[in-house]
Structure formats: structure tokens, C-alpha cells
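Just so it is clear, A, B, C, D, E and F label the chains in written order, and each chain counts residues from 1 on its own.
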Amino acid sequence: MNEGAILAAREGRTKVAQYDLIRSIEKVMLGPERRSHLLSVKEKEITAYHEAGHALVASVLVYADPVHKISIISRGRAAGYTLKLPFEDRKLQSRKEFLDDIAVSLGGYVAEQMTFGDITTGPSNDLQVSTALARDMVTKYGMSEKIGPIALETTAGMPLYGKGAWSEKEYSERVSAEIDAEVSKIINDAMKRAQDVLTKHKKALAGIAKRLVEVETIEREAFEQLLVLHGIVPKKKEEVLPPAVA
Amino acid sequence: MNEGAILAAREGRTKVAQYDLIRSIEKVMLGPERRSHLLSVKEKEITAYHEAGHALVASVLVYADPVHKISIISRGRAAGYTLKLPFEDRKLQSRKEFLDDIAVSLGGYVAEQMTFGDITTGPSNDLQVSTALARDMVTKYGMSEKIGPIALETTAGMPLYGKGAWSEKEYSERVSAEIDAEVSKIINDAMKRAQDVLTKHKKALAGIAKRLVEVETIEREAFEQLLVLHGIVPKKKEEVLPPAVA
Amino acid sequence: MNEGAILAAREGRTKVAQYDLIRSIEKVMLGPERRSHLLSVKEKEITAYHEAGHALVASVLVYADPVHKISIISRGRAAGYTLKLPFEDRKLQSRKEFLDDIAVSLGGYVAEQMTFGDITTGPSNDLQVSTALARDMVTKYGMSEKIGPIALETTAGMPLYGKGAWSEKEYSERVSAEIDAEVSKIINDAMKRAQDVLTKHKKALAGIAKRLVEVETIEREAFEQLLVLHGIVPKKKEEVLPPAVA
Amino acid sequence: MNEGAILAAREGRTKVAQYDLIRSIEKVMLGPERRSHLLSVKEKEITAYHEAGHALVASVLVYADPVHKISIISRGRAAGYTLKLPFEDRKLQSRKEFLDDIAVSLGGYVAEQMTFGDITTGPSNDLQVSTALARDMVTKYGMSEKIGPIALETTAGMPLYGKGAWSEKEYSERVSAEIDAEVSKIINDAMKRAQDVLTKHKKALAGIAKRLVEVETIEREAFEQLLVLHGIVPKKKEEVLPPAVA
Amino acid sequence: MNEGAILAAREGRTKVAQYDLIRSIEKVMLGPERRSHLLSVKEKEITAYHEAGHALVASVLVYADPVHKISIISRGRAAGYTLKLPFEDRKLQSRKEFLDDIAVSLGGYVAEQMTFGDITTGPSNDLQVSTALARDMVTKYGMSEKIGPIALETTAGMPLYGKGAWSEKEYSERVSAEIDAEVSKIINDAMKRAQDVLTKHKKALAGIAKRLVEVETIEREAFEQLLVLHGIVPKKKEEVLPPAVA
Amino acid sequence: MNEGAILAAREGRTKVAQYDLIRSIEKVMLGPERRSHLLSVKEKEITAYHEAGHALVASVLVYADPVHKISIISRGRAAGYTLKLPFEDRKLQSRKEFLDDIAVSLGGYVAEQMTFGDITTGPSNDLQVSTALARDMVTKYGMSEKIGPIALETTAGMPLYGKGAWSEKEYSERVSAEIDAEVSKIINDAMKRAQDVLTKHKKALAGIAKRLVEVETIEREAFEQLLVLHGIVPKKKEEVLPPAVA
């Protein structure tokens, strides 16, 4: 919000527009644009497929946040980026949302592999993010059926009872191996789901990537037109969460 | 007590009422109310079922403390909370009380899963609490039959003999795996008991949750009326501890 | 001694009586009496059985120190306590004495379990003491036949040769598991011996516990009268150590 | 660039030539020339074969950077060196490029072993480089099929989500052994590829090594003439990356 | 030597006699006499057998240093002590000497066990000494045939080559277990040898112990008369080391 | 060189002779002579055989440096020493040279064992040196065929690529055990080679040792005469390294 207000003020406007907020989110999260940090033609093509992979998986999976912007202009350490924003603020995140987020995160890796038969160092941060999410599911949120509702690592949670700290890494090697196996399973399942989405929408992937090479940045509206063009219905807010069972 | 006296003084009263004490407990344990920190409609529903799960399990299991208040108003980092208070101060806590406390702690997790077929990050603190309790049972209080009356980790206990410190984590990997297996067993048994309670009282769960969405906070008296409505007899002090065998 | 002299001086006496010494031992070891820290009726009963368990096992096993006082008045962090004093100062402690000490230490745990079919957090310090003793037997005093006369952990011993320090925890995981198994065996054997004593003297246990609930503190003489009442002969100094074999 | 400008300025030139840049790269990366640090005749021969091994593998494998200079003049701690430069700056590095880089790195080790039936301490830095590359492939870039797209170690990546740090070495012993096995496999495959190249081009290896012993330093043009002489076509920029599949 | 000179000076003598040196060794190694620190009658008997065990094994085994004095007067933390001195200064210690030293060190433990069918905390320092010696044999001096001439732990040795430090505990769990097994074997073999000596000379053991209870301290000459009395020939310098094979 | 110049200057000479250099090497590496630190007759004999063992193995194995001096005069912490100097400075050391160096290092240990049927603490530094060399071969120089060209531990090498540090001890327990097995194999093979040399030249060993006991120090020329006397041809520079295969 601060950054957004500053951006608006610089341009002599007294109201903070959504446009200001998105620019400020980009700046805080990714660092300033680095036009000097140029990609080669080949790297632009790889990056375009990578970002298109993220964006396409995010558009197809039900619980992923919708895409607001895709870009292959270097920012900070990232070659390109895909900006996704939730329809509304969340205090809680569900297991299904985690699983879709991980698949989205692996969308770039999968797109590179499918398109070029090779993988670059580009997805390294995506791998860290998805591994961290998968690990949190298993060790902090009881979201692995095999391990169950046990907290194996602390979060900065509210010490309601305050009785006995479950310090980090107090579990045995056996449990450590079980965690690794569960994390691996979650990651591989998510990769497979990303592969399914991108295989089914191979033409859309190529279409988005090629457009991205041409224009470098695609805003939400233009992106949703591309989706429609390839037969994918853009997300509407009300569809995101299915009704409760009870 | 301090906090309670301050609250009473602020309102010009010279006596500290139980009402002051409960408010002060809430403030010290949970932090101030955060009305600005709003939950979405969906999150309110999830939180209501979560808290109703805690409250219902606490009301049915014999050794759990009775419920004084349920709320889905955000406080500190918690989306909602269920306040339980013992009938009288305790210096000792028994194995059976631990087991019921763990089941109560998992009541929110189980309620979410049963109702929505999904789990959120909401129960993360509950998992830490119940895991810590289960681990203390096994490693500090000799409450696991398999491992027996051995202290595997120190508590801040009175060094009566003072001869030879049993420093933390001096046990082997084999014992570490046994501890993990026992903790896991305790947690899974408790989850099953919570599931049994909430399956049997599914209608009560929905009833409490729905009322909570409407009124946001339910005090003890109103809560007990809801219990009676669903055929559950509220706890009376004298029933809590069965008579000694000897 | 210092504390004892202070106590005597406060009361205008010039001689330090045994009574002063016992009071000073209690104060230094357990902290001051905490009459404000009241136990519930139920907790008083549990504590009475717990302390009676310690005292009875100490009175029956040959190598344990005789009981000087039992109390269920809170002191420091302890709900109650049993004061045992050796007939004379010891520089050496034998394997058989360790084994009886451990059984005495577990007497409270066993009494709770036998009487109430449940265990409380009360024995947590007893478990630490007996585990530490058992571990010292195995790792410092060569008192485990299976592991033999090896020092696996340092004591603050006299470095007679001074050549090569056997630093703490330099043994393998395999030896670590062997230590744990031996400690576990010693503890379980001692628990069984405590169970045998308390099963055989079940009436004495109840008798002592009930008297304790009534009077809160039982001094040595009164305690020995209770023993005699239940057919147990109080210890005499000369019987404690059997004559040498040689 | 700085170093290059300084070198140009020292020689009274106002433009920074490619020649200045290469000299500055050598100086920054390798340290100043150490003509005083003389190799024995035998060591010169070993070093010549070692560098020729690097250069030849780099010239034959498709994704390796082309060779700009080979030298057996001591620089810093290195007995000799082979300078390779990419055709253009890279922000991304692919799996296939890593694999070729590792094979190039092992080219010196393989050349020594093939020629002399012995290995020296000369390749120690090459081994560190290739092991580090192989390990990064497995743990940071998801480039091991067996382990998949998991980040097992952090890079200084952009914390896009910022949720939950996957701290270093949080994996189990089992995963640790899997990493080691994958790293070992990558290294051994690369060694075999280097062996294949140098076996096939044994005469070229001897030819380059012998020339190097005579002239001590071979610049790019002269090196490419040697390649042509032995029937190897020097790399052209456009051939380096095969066209995308999509 | 310093201490010895001080003792001589105090008593107005200008020459340092062997008597001064022995007293100074006792003071530096064991601390001053503590006559106030009295042993019970029972403890005196145990200590006498303990020290007689050390002294007897030292007198029978070929490579052990001869006994200069035995005492059951408390010194520092030790209940009693046996002072042994080599015939001449040693820069080197051999495997056979280590093995005898360890057996001597365990002589007290074995004597207690054989005589009383029980073990006290008395031998704890002996166990540390013999374990440290056994471990040094295995890890520093290549004296375990199974592990061979490998240095598994550093001594403060002269870094002749200075190339590559073999830092402490860099070996695997498997080697750690092998070390433990070898240490255990050495200790158990030495215990058996001490048992053999003391079983064979049971009467001498009782004789020395009983005399020790009566007189508290036995000097070398008196001790050797006791040995002769029981048919044991005291050591002579020239017999200690057998002639070289070569 | 500094030390050598100082020695020459002290003696009023303006040129630094080889004699000065050798004395300075001895002083820097071993510390000053310690004539006061006298060995017993027995220890002198053991030390003589020990040093003769080093010297003889160094004289027979092809890749070991030739012997310049043998001495049994105590220096620093060493009872004796054997000074070897290479024919010329080396920047590279080969696998075969390492293997011979290790065998030379174990020559003293083997000589003691063969001659006296016992081992002393004398070889402890030799064991550290040879273990460190063997470990470096396996973990830093890719000289173990089984483990291959992998760097398992860092040397202070030139960070040519600078990408990703392979930090110390990042390998699994399994690899740790493999390293230990390889190190053990190298050491045992070298010990066997030393045994073969000393068995074959048993008379030479005794001859050198006996001379050493008489004269305490043997310089190069006298040593080579002893070799010739026992039918061993002293090393000549040109024979040390066999011609290259290529």
C-alpha cells in the first residue's frame, strides 16, 4: 500500500489505483525492472514458454489464483514472471489450494521440458517454493494422510497451552525419511497434473509463449482473450470455492 | 488477575468479576480483538465448524475442561477460539486428561475434514499443541506403556538427588524412532476418538457452527442450551473425576 | 549445617539439634513450604498414595535408606515428599543400593497406577532421577553386565593417568542403542520390584496414604508404628549391609 | 571490464579491446603469471596433456563453450589453464550444458590417466568444480530424473512466496544417499564421455600437448588450426544450440 | 621435582630424597590427605580390597610398573590409592604395556566384584582410565589388529608432512561401531586377565586387604614382604622387558 | 631459506650451503635437538629399528624421495627421524608417489612389529600422516578407482567456476563408509608393501639399526654405503620417473 501510494503521488494522482498496487507488488516482490539485463533470443523463447506454463496451469486448475500479468522483462534475479492475485484476502489456505499452487509453480519446469527436451536453471526458485509448500503441508499442517495430524516442525504459532516446546527436528531418521517420501510424492503428483494440463493445452501454451516473445508483457485482459481463443474459460470469482458439504 | 483488576478499574468497578478474569485471560493468551482482520464468508464458515469441533469434543469427553466461550472473532493470529476453563486449579494432570485434551485439540481439524473434505492451515497451532502434549506423555511422564517410566527428556524438575544430569536427546536413533511411533499412535487414537464424537453428534456440530456464523460469539450458558437441544448433558463439576479405586 | 545453625539460632538455642538439620535439608532441597499452593481433595489423595508408595518400598527393600518423614504439604515444585536419610555418610554407593534407590524412586508412580488405574504428572521428577541413576550405572560405573567395565561418559573423576580424554558421546549409534536397552531393562526390573512390594503390602499402602490425608505429615516414629501395625519390621542400622564374603 | 580498462589505459590506448578483456579475465580468475614458479620438464609434459584434454573435450562436445586460449604457464595456484568463453552472455544454463561442462572439466583428469597410467594432484580443482556442478544439478535444479523437481538445498533465489524456508540439509540420510548416488552417476557418465572423445582423438591430444610443451601458450586461432589438422571442425556460434522443438 | 624440593626445604634438608618425590607426586596427582573425610568401616574394607586388587595385578603382570605404596587414607576425591612408578622414564609405551596397565586399572573393580558380589562407584575413575587407554590403542596407535595402522583420531603429534588434517571424528558410523567393538574386546580381555590373577592369588588378595585395614598404608618394602609371604616374587628391574628378537 | 641464511651468518659464512638448508629444515620441521631428553637403551634400540624401517622402504620403492639423513637423537616430540628430500621441487604429486610415501611412512611401524613382536606409541605421528595422505587420495584427488573423480572434501583450490560450494562433509553415511573402506584398503596395501620390502631386506634392516645405535646419526653418503653393502643400489635422479607412455 505504501509503495502504491508513493507511485500514485509521483504521478500527481491523489487516489491509489489498482494499477499502482500491482506495480508496487511487482517492485517489492521482484525488484525494479532491469532492461539492461538482456536475455538472448534463445533465452527469451525459453522464458516465454516457462511463464506461459505457469500461467496456463494457473488458469486451468480450480483452486489456483487467477493470472493478472505475464512478462519476460527481467526483474531482479528473475528472467520473467507471472503475477497471480487471489480474488480476496485469505487467512486460511486449504490442502487443495496448496496442491494447485504447487502444480502452478512447476508449470514452468514442465513447459521447458515438454518444449525443448531440456531443463534450465530458470525454475530453481520455483522448485524451492514448491518444495517448501509440500514440506509445510506434511510437517506443519497435517495435510499428509500417511503422517497424519502431527506437527513435526514449529510455525510461529500461538502458544495456547505453552506447555512443552516441540523443538525443530526432534524426530527420528525414520520419520525424516517418511517426510521426504511424502514431499516427493506430493511434488511428483503435482508435476504430473501440470503435465496433463500442458499436454492437453499444448497449442494454448505455444500461442501464449509466442505472443509473449512478441509483446514481452501480457496484461490480464489480453491474457484472458488468449485463453478464450484456445477454448479455456477464464476464472470467475464465484467458481473458485465449491459449496460446503454440510 | 492483574489484567482482570485493570479491566475492572477501567470500568469504575472495585470488584474483579469472573467476567473480568475471562476477558483478561483472552487478552493475555490470544492478544486483542482484531475486528479489522476480517475473514471472508467462506473462512467464517470453516472457522465456525472448526471451533464447534473443539467445543463439542470438549463437552462430550469426560476428562476435558468445560467450554466457557466460543468465538469466530479474530484474535491475534487465531481466526477463532474456544475458551475452556477447569473447574478448579490443578497441580497434577493425569494420563486420561492428556488423552482427552489431545482429542479436543484435534476436534477442529477433524470437523474441517468431515465437513468440507479438505483441511486448512487453521489447525496448525492445534497440531503443535497436541503433538507437544503427546510427546511430553511419552518422554517426560512415563505415560507410554511401551516405553515405560523413563524420562527421555528433562523438565524443569526438582533435582532431588542432583546426581547425574540426563541431558536432552541422549538417546539412540532406535529410541527416537520408538518415541515417534508412540507419539503417532497417541495422536491417531485421539483423532479417532474425536471423529467418533463428531460423527455421533454431526447434527450438534452443524447446529453450533451455524449459530456461531450468525452470532460470532457464544457464551457458556447459551452453549449449554445448544448442547441440551442436541441431547448432550453439560458437565457438572462432581462428575469429572471418577472415585478412586482404593 | 549452616542452615541448621541458622534455624537453631533463630529459636534462641545454642546447639544444633537433628531436628534443625532435617528442617534445613528440607528447605535447601525442596524450597520453603507453600501452604498457599493448595492441592484439591482429589490431588491430596493421589499425592498421599504417591508418597506412601515411596516410603513403603524404601522400608521393605534392604539397601534403601530408612524413611524420616513423609508429607503432602507442597514444597517448592513438589506436591509432597518423602525424606530418607542414610544411617551414616557414604563415599561409595554399590550396585545393589542403586537398584533399590531406583525401585524406591518408582514407588510413587507404581502406587498411583495400582490405586487409580491412571498416572499423573506427579512422578516426572522421580522418572528423571531413576533414569539418571540407571544411566549412570551403565555408562559411568560399569554396573551393566552386558556392557561391562567401560566408561562411556565422563564423571568429574580424578585424572590419575591424564592421558587421552574419553569425551562425551564418542560412542557409536550401536552402543547408544545398547545403553538405552540396558537402562530400560534396569528401570523395568525396578518397577517390577516396586510393584511386588506394593502388591504384597497393599493394605499398608492404603493405611499410610489414608493417615497422610488426615495428618498431612508423618514423622519417623509414627511411620514406624504404622509399619509395625501392618507387620513390617522397621530397619535397624546393623541389618543394612550383609557381611563381606571374603 | 574495469581490469580491462586499466590494462588498456596502462598501454596508452583509449579503447578497451577484446585482447584487454581476456587478459583481465585471466588476471582476475587465475592471479598474475608466475614465471618464477617453474614446472619440471616432467610436470610440463603432464600439464600439457592435462590442458589439451580440457581443450579437446570442449571442442568436440556440442554444448561446451569454445576454447580461447590454452597455456602451461603457471598462474596463481594452477599449473596451467584453458580459457573458454561463451559466444554470448547467459542468464540460464541448461542440463545439457551442465553435462558437457562436467565432461570438459574431467578432460584433464582423463588425459593424464590415459597418457601416463597415473593421476596427479593437478585435477583436484577440476574435481571440485565438476562435483559441485553435478550436485547443483541434483539438489537445486531438478535435473536428476530419479529425484525429480525438488529443491533439496537453497540457492540465493527470489523468495516469491516467502512462506516456509527449506533450510539446508533438512533431508533424511536416505535422500542424502540418493543424492550421492545421482552425483556419482553424473560424474561417471561424464568421465566416460570424456574418455570416448579423447580415445577417438588420441592423436589430436598428443599433437596439441606436444605443441603446448614447445610454445607454452596457444591462442584461439592457432588452436583451431590444430583442430582442423586433426579433422575436427571448430565451433561456429550458430551451431551451438539446436532449434526448439515447438 | 619442584614440589619435592619444597617438601625437603620445609623440613630443613638440602637434598631432595626419593621420599620427597613420592610425597610430591602423591600431592600433585591426588591432592592433599583428607583425614577428616572418613570412610565407614564397611567402606574401608571395600577400599582395602579394591587397592589390594590393583597392587596384586600390578605385581604379577610382566609389563606393569611396580608398586611403591598402597593406602586407604582418602586423598582428594579418591577413597584410596595405589602408587606405581616405572623403573625408568619412558618416551615410548608398547602395546603389551598398555594391555597390562588396563588389567591393573581394572584390578580394583574385579577385586570388589569377587569379594563382595557387588560393585561400588569406587572404580569409576579406573574405568575412565582403562577405557581411554583402550581407545587410544585402537584410534591413535594402530594397536588393534582388526583396524590396523590407521589414525582415527588426532594426537598432538608433529605435523611432519603438514598436508591435510585428519580432523576428529571424520569416520563413518560403521567405523565408529568397529572402534567400540575393539575397545570392548580389549577391556573384556584385560578384565579376564585381572580375574585370572586375583583368582589364582585369592589368599594374597585377602592378606594384603586385611593388612591394609589394620595399618591404612603399606610402603613398598612391606608390600614386597607380603608378596613373598604368598609366594609371589617381587619385580626386579632387569626382568621387565624381554630381550629384542632381532 | 631464511633459517639457512641465519645459520650460515652465525658461522661467519656469506654463502648458504646445502648443509645449512638441511639443518634449517630439521630445525623448522622438528624443533631443536633435545640431548637432555634421553632415551633408555631399550628405547634407542626400538627407535633405531623404527628409523631404519622408514629409510629402507624409502630406498627400495621407486617413487619415494631419497634419504638424506637418519638420526635417533630426540628432536621436539620425535624420538628419532629420517630426513628425505626430493631430487627437485614438485608442483604435482602422483598417485604412485602417494602410495610409496604411505608405505615409507608405515616402514617404522612395520619394522617395530617385525623385530620386537610389539608396537609402541612411536609411530603415532606416522599413522596420522599416512592416514591423511590416503584420505586425501580418496576424497580430494580422485585417486580411488571405486569412488572415482569426485571431490568429497574441499582443498584450498582455485574457484575457477565459483558456482556452488561443495561444503565439507555433505555426503551421506553410506559414502562416509565407502571412504573409510577405501582409506583402509590403501593403508593395508601399503603396509603389506612395507612388510615385503623389510622381510626381503631383513639383514639390511638390522645392519642399519645397529649402526644407528652406535653412531646415532647417519648422513646420506654413509647410508648409501650401507645400502650397497646389503646389495641395494642407491637411487639416481634419472631413474625416479619412468618415461611417459604417449
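Note that in this section contacts are C-beta pairs under 8 Å (C-beta built on N, C-alpha and C of every residue); 3 or more make two chains touch, one makes a residue touch a chain.
This structure is a prediction, so every number in the text was calculated from the model and none was measured.
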item: Both-way neighbours, i.e. chains that touch chain F and touch chain E; value: none
item: Interface residue identity across copies chain A, chain B - same or different by half; value: different
item: C-alpha-based rotation, chain B on chain E, 0 to 180 degrees, nearest 5; value: 120
item: From chain A, the most remote chain by mean C-alpha position; value: E
item: Between chain B and chain C, centroid-to-centroid distance (C-alpha), Å; value: 35
item: Rounded Å distance between chain D and chain E, as computed from the means of their C-alpha atoms; value: 60
item: Whole-Å gap separating chain B and chain F, where each centre is the average of the chain's CA atoms; value: 70
item: Residues of chain E engaged with two or more neighbouring chains; value: 140, 173
item: Chain contact graph, described as a line, ring, star, complete graph or other shape; value: ring
item: Circular arrangement of chains, read from chain A onward through chain D; value: A, D, F, E, C, B
item: Interfacial residue positions of chain D with respect to chain F in the complex; value: 29-30, 37, 39-40, 42-43, 45-47, 49, 74, 76-79, 81, 106, 109, 115-125, 127-133, 135-136, 140, 169, 173, 176-177, 179-180, 183-184, 187-188, 191, 206, 209
item: In the complex with chain C, residue positions of chain B that touch it; value: 88-96, 140-143, 147-152, 154-158, 160-161, 163-166, 170-175, 241, 244-246
